[in-house]
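Same chain, two partners: chain A is paired with chain B first, then with chain C.
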Partner chain A sequence: MIRLRVIAGAEWRYWLRSRLVLGSALLMAGLLLATTAVTTLRMQGEAAERTHHQDKAEAAFLAQPARHPHRMVHYGHYVFRTPTPLAGFDPGLDPVTGQSIFLEGHRQNTPMFAPSGASADLGGFSWLSPAMVYQLFGPLLVILLGHGLIAREREAGTLATLLAQGAPGRLLLAGKAAALLSVIVLMSLPLALSAALAVRDGDPPLAAVALVGVYLLYLSIWGALALLASALLRRRTAVLAALATLWVVLTLVLPAVAVSATSNAAPMAGKLETDLVMLSDLRKLGDGYNVNDPAFARLRAELLAEHGVQRVEDLPVNLRGLVAQASEQKLTDTLNTYARAQMAAETRQAIVLASHGWFTPLLAVADASRALAGTDLAHHHRFLQEAEALRFAFVQGLNRVHAEKLSFSDDIRRSSDAQAEARTRVDASHWRLLDRFVFEPDAAGSRLARSQSQWLMLCAWFAVLVGAGAWVGGRLKP
Partner chain B sequence: MNPSVTSLAHMPKLQAEQLRVLRSGKEVLSGVSFNVAGGEVYGLLGGNGAGKSTTLAAFLGFVPAASGRVVVDGLDVGSDLAAARRAMAYLPEAASLYEHLDARENLDYFLQLADMRCSADEIDLALDRVSLGAEARGLKLRSYSKGMRQKVAIALAILRDTGILLLDEPTSGLDPTAIDEFHGLVRGLADAGKAILMVTHDVYGACQVADRIGLLRGGQLVAQFEAPPGGRIDTETVHRAFSPRAAA
Partner chain C sequence: MGRRTVEAMSARSASASVWSALRREAAFLARDRSAWAWWLVVLFLSVLAVSAGLNEVHRQKATIAHLVEADRAERMAVLKTRKEWSAVYHSFHLTYDPPSEFAFAALGRRDDAAWKHRVRMLALEGQIHERDAGHPVLALVGRFDFAFFAAFVLPLVLIVLLHGLRAGERVAGRHDLLVATAAGDSGRLWRLRAGLRATVVFSAAVLPLVVAAGLSGTAAPTLLAACALLFAYVLFWTLVCAVLAAWQQTAEVILAALVALWILLGVVVPAAGRIAIDRTVPMPSGADIVMTQREAVNAGWDLPKANTMAAFVERHPQWAAYTAVERPFEWKWYFAFQQVGDQKAQALSEAYTDGRMERDRLAGWLALIAPPVLLERALQVLARTDVRASLAYEARVRDFHASLREFYYPKLFRDDRLEPAALEGLPEFSPRAAGR
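Let's turn to the complex of A and B:
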């Protein structure tokens, strides 16, 4: 439609002549540059730290001379999760979840943060990511450009002149919307660029495209809100005040309310209490270092019966290693029960919090953004699970070596008999079983699937606003 | 004045029939009826707040009729708004145009929205007709005087080339020469067959140019005056009706 283009073009001419777009573009570009720099610095610092730790840990681990396999269980090993390239745009939970875990026997460590010099230097600003610029400042820019679309013309009286030419109100709104949409597309170009770079660096193209799309939709919702307010209210100052209030409510107040509502609706047990309960459970499991612990009496009796021998020393396998295996198994089962409960509680909270996206598009877009960037809770949980699976396999591998390669009699005499001690050492080739851990970020399909309900929320918001716009447009009065 | 055109005008171009309009719950027009035929200038005269602009707003569909109806070129405004608007050109009270555009850009834009394409020559010709100085045409309207803005708005009405013109206080704020010039233009357009509804509080101006005058007071049409064939409406008579106390 020609007239639609004419209206949008006229708006652009106004923006350019009033230097509004130029100023806004500079502001947005400045914010994005600053946050991109901050995020990149932080990630680079963390990556350097990570590589350093990893190399050091790996070198130390592999440089160990022949040792008793159980010593290696305690030596442990770091595993790391490299952030997705899109984490440079939306670090999501990465800065609070940590990306490296020290794997060792008998315990599940919580992930740690690479203590990055960069983030320490930047102090309080390190939380401001490019994604947050889009989520918080993007709407402000859209409001700045959009609040006057109709109200300006109404105040100047040109709205009456426009309508008197026979241009339908809906056409007018559509033309103004097209102008604002074109600005939103321009605003999304830096995001599109970082998405393209992320694809180059290995993120799935579909996830990157969806990420750009979800922000376009989010900013369009703000555009529709601005246009509606502009069409409904008489004074430009009133429109600006209403939209500023709406911004405060939707991006600051409601998310805070949602967080506290969530902790009420889906409370989580305190870490200290949980840890105490878990400790007492673990104490009931028995001592894996003591083959005479009653907890392992059955294992011992069964083994002796199976091999038809009377003495532990006559078994073809080392009972100590087997007890260590059984003990690690029981311990891990208990730890996993708690870990699963913790993850389930966290997931429940995340779901309750996410459901508030029906009330504010900020929560919806933030959730979708994290899921698509591969920096959400589900991603983190999978990292924990895979790291734990690796830890378990590695510890049990060493315990198997312990059981199969070491004799029981050497093992129990190793502190008093130097020759026996020498025989209980196995050489390094036995504990190279720890493959280099590679955490594969989610594929596009599962990232999209996890952002599904957020898309639904944002589409619902947009559809309602477009409907309202059509209604208001049909009744537009000067 | 052209008597042959007046006789052609059996079919009114603008009709208000028992028009009632409420604004913020207050009755602003109460049963106003009149029509304007092609070739005729109808002066709607009244003091501040009498309901003159509201009458125009009703024809433009900017305010709904609470009862009664307004008809434009045979089209009921309540049901056929878009077509009715296309049939009229409207000169708002403050000649509301874009300050950040020049005269040509303003005209070009509004004409495109009216779904019309006019060449640069046609636009310049219309600006010649309203005698807007050539040197002013490339300047942004923010540097224009009220009279110059008015000229651009009239040029738009001329270019729209509709059979009907609605003018809201078109001469307020103009100097006497500009007023005379403007009245000449309006008369010429009416003589060319257009129906012109001119809202004003200027008794002298209305009598100078109108074929008929309706006097609006408190939302009611209290009197109508008609020019005798070949003559003008008597200013004294209208003035007495307009402000009885001042005349007494």
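Let's turn to the complex of A and C:
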């Protein structure tokens, strides 16, 4: 143990003397602090703005005057997805997904206004976040610190001395690894700070801890790669060039290639395409505006029989409202079937992409990071589902008012008779049936569960590399 | 006279020595197995990039072909089941932006901006912001297209290849000998070595691009411009590498400095620039546009009909004589307040479009100090996948929507019956404006 500490301590003294190491560490720290400050402020601003818009939309709905309830079905409502506090560290899909949806009767609209659509276009890296700094540039600092661990001793001829003095290769490697690991822990302090702030603002502590953990594991994988290369290759410049090449391949090339491969392997139809297929299904459901549509003949016959009357006008309820309710129900079933299929297709594609994490730890850590920060695809899908649940609830609530508070004879004449039209307006107090929309991020448990396979991938990478390190350590030669 | 002959002779011998040096270095390079390996790696990556791009473009074209068919069938079905203006109300029309012949090289905004819509003759502001865009995770991670490969990966290949040019010889102990024996100026030797390696990289990168451009029918000027841009870009990084490689430092310091420069130019400057530009050019929030439009359209139901028709006539004075609305519901009044809804949101909507245009203009200027972004944006301009192309498509959707209104308004206001024959001459969306 003491010898381990001596080896690690010697490495630290070397790093502290090296201007290259100190300069790079300072640059990295500066980059991390700057992106953390900027991204946190930006996401807090977004959260405040979206909450404000949400309140405004709700107030606007409640402030509508007395009118025909179906008018409110089309007046509709807006909901906004507010980001989690951890989104200040990893905004994830937030910039590339629409943040608000217009909810109205008979339709499921797409989310609108992705921030990337309005911002200055300066390439994908211009959306630099602390998470990206860790994913892309954390490994570079680890490489710079770690490439010389063994190769430097070998070049200086001290490796032979160390081994000859009886320091076993494995112990030497373990000492060097301990030194590098202490740097990695130090590197993750800004992340730990972000995570602590997010916990203060309401994110679950377990998710925040797991987020720090997953980055520690990721950077440790790079540390192990650096140490291995340093032990295997003879010259320091060769080690550095090899590691730099590996970094280009694993963090820049492979993830992007995986995206191209995924869109080939698991192609997905867009919403317009599936909507067109769906529309022909929807036509079979009947027209909810037409009480004489044969699709609603049974409903009509049953109602007449139930109330023992002959004419629709004599029913105690408004048939139009009931037809609207029945038709919205059938329509929504179909819409949801297609929406679920679309989300399943998106999830399938995301899983195919994620499976490339076995080849590059970057994809694995990025997926896990988004899941833990609450900015992944599953979160976006839940936003869509909750928006749809709210849509269905208020539309059906309004249809119930339509059925119970309006008379059928006024309702059918309202387009031609101004007095009948006036009688079809219901009091504004009915609009209070709209529920408040609050998008709650997932609990820690489900976030962890979604990052399970990524943990597995990263652990497998780490285990293989540690195993290789132990093997190389046993055979270390000057 | 004599002096001139001597000068000519020395010039000839100098050029001969350049040739012999070139032949010698080329022979060195040809025997250098790692140079061949790099040539193959770059070639492989470039093939990967262009073939992924070709695939994606092919898929997008197939999607469009399928959508055009399905959209027409759907409209026919609507016209069969609905009558008169209810049919118009329910008729959607497909608009789309087909990929250009060079889009395979730079897919740009096509990954996260919508390039297909279905619109109808209701208020457009409620429809045009719908986005049937691609998969968000794929858009976030980013595709391996040629533009990304050339702008971000290629410089790193050059950096790895060229950073140790002198330091490597220094370590090997040959540096001073090489400098001393180089005929004439010794700088030429390093320029030659760096130039040859860069040529190798450039040729491997450009070859698949040229082949793919031939396959997809890219116009020669577009391809030439792309090749020239790529050449200039490789030259830039070669010079940067050569300048830093001449620094009296170890190879690792030079490599670290070059990678730091890559991060500065490719990541830090664009990231800081994007934030600065977004701050400088304020824009209305999208939510305000659609909510303004919604309020205006819905207010139409409650406002006195004369108010709506008066606001409508401001833009369409030719229908002033036909604006009397007698019944509680008439289609011309309904479509009129849809139009008025767009009119009310117009200022905000234009500010949103102008803001995006202005942000893009500034981004173009900022790219001048961030060469990777400059190349990526330039390739996207050639491929018509940039922000401007995306805005131009949006403008074509607006024009098409306006032409739908122009087509229907005479029938609507003269109270014509909408027989199927009347629908002949219905405007069709034309995917490319003339001249582009």
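Going forward, the second predicted complex is superposed on the first by the 443 of 478 C-alpha atoms of A that agree within 3 Å, B and C clash if a C-alpha of one lies under 4 Å from a C-alpha of the other, contacts with A are read in each partner's own complex, and residues count from 1 in each chain.
Criterion: a residue touches a chain if its C-beta (ideal position, glycine included) is under 8 Å from a C-beta of that chain, and two chains touch if they have at least 3 such contacts.
These numbers come from a predicted model, not from an experiment.
Participant: According to the contact criterion defined above, which of chain B and chain C contacts more residues of chain A?
Facilitator: On the superposition, C touches more of the residues of chain A.
Participant: First (chain B), second (chain C), both or neither: which does A:162 touch?
Facilitator: first
Participant: According to the stated criteria, A:135 is in contact with first (chain B), second (chain C), both, or neither; which is it?
Facilitator: In the superposition, A:135 touches no partner, neither chain B nor chain C.
Participant: Regarding the shared-chain residue A:92, is it in contact with chain B (first), chain C (second), both, or neither?
Facilitator: Touch status of A:92: second partner only.
Participant: Which partner chains sit in contact with A:237 here, chain B, chain C, both or neither? Use first/second/both/neither.
Facilitator: Touch status of A:237: second partner only.
Participant: If you look only at chain A, which of its residues touch chain B in the complex?
Facilitator: Interface residues on chain A, with respect to chain B: 2-3, 6-7, 10, 13-14, 17-18, 156-158, 160-168, 477-478.
Participant: Which bits of chain B are touching chain A when the two form their complex?
Facilitator: 60, 62-63, 82-83, 85-86, 88-90, 92-94, 96-101, 109-115, 153, 160
Participant: Could you please specify the touching residues of chain C with respect to chain A in the complex?
Facilitator: The contact residues of chain C facing chain A are 45, 48, 52, 55-56, 59, 63, 66-67, 70-71, 74, 77, 81, 94, 109, 112-113, 116-118, 126, 129-145, 148, 151-153, 156-157, 159-160, 164, 167-168, 171, 250-253, 255-256, 259-260, 263, 266-268, 270-271, 273-275, 277-278, 281, 283, 285-287, 290-291, 294-295, 298, 301-302, 327-329, 352, 355-356, 359-360, 362-363, 366-367, 370, 372-373, 376-377, 386-387.
Participant: Going by the contact rule set out above, which residues of chain A touch chain C in the complex?
Facilitator: 20, 24, 27, 31, 35, 38, 42, 49, 53, 56-57, 60, 65, 67, 71, 74-76, 78, 80, 92-93, 95-98, 100, 102, 109-114, 116-128, 136-137, 140, 144, 147-148, 235-237, 240-241, 244-245, 248, 252-253, 255-264, 267-273, 275-277, 279-280, 283, 346, 349-350, 353, 363, 366, 377, 380, 414-418, 421
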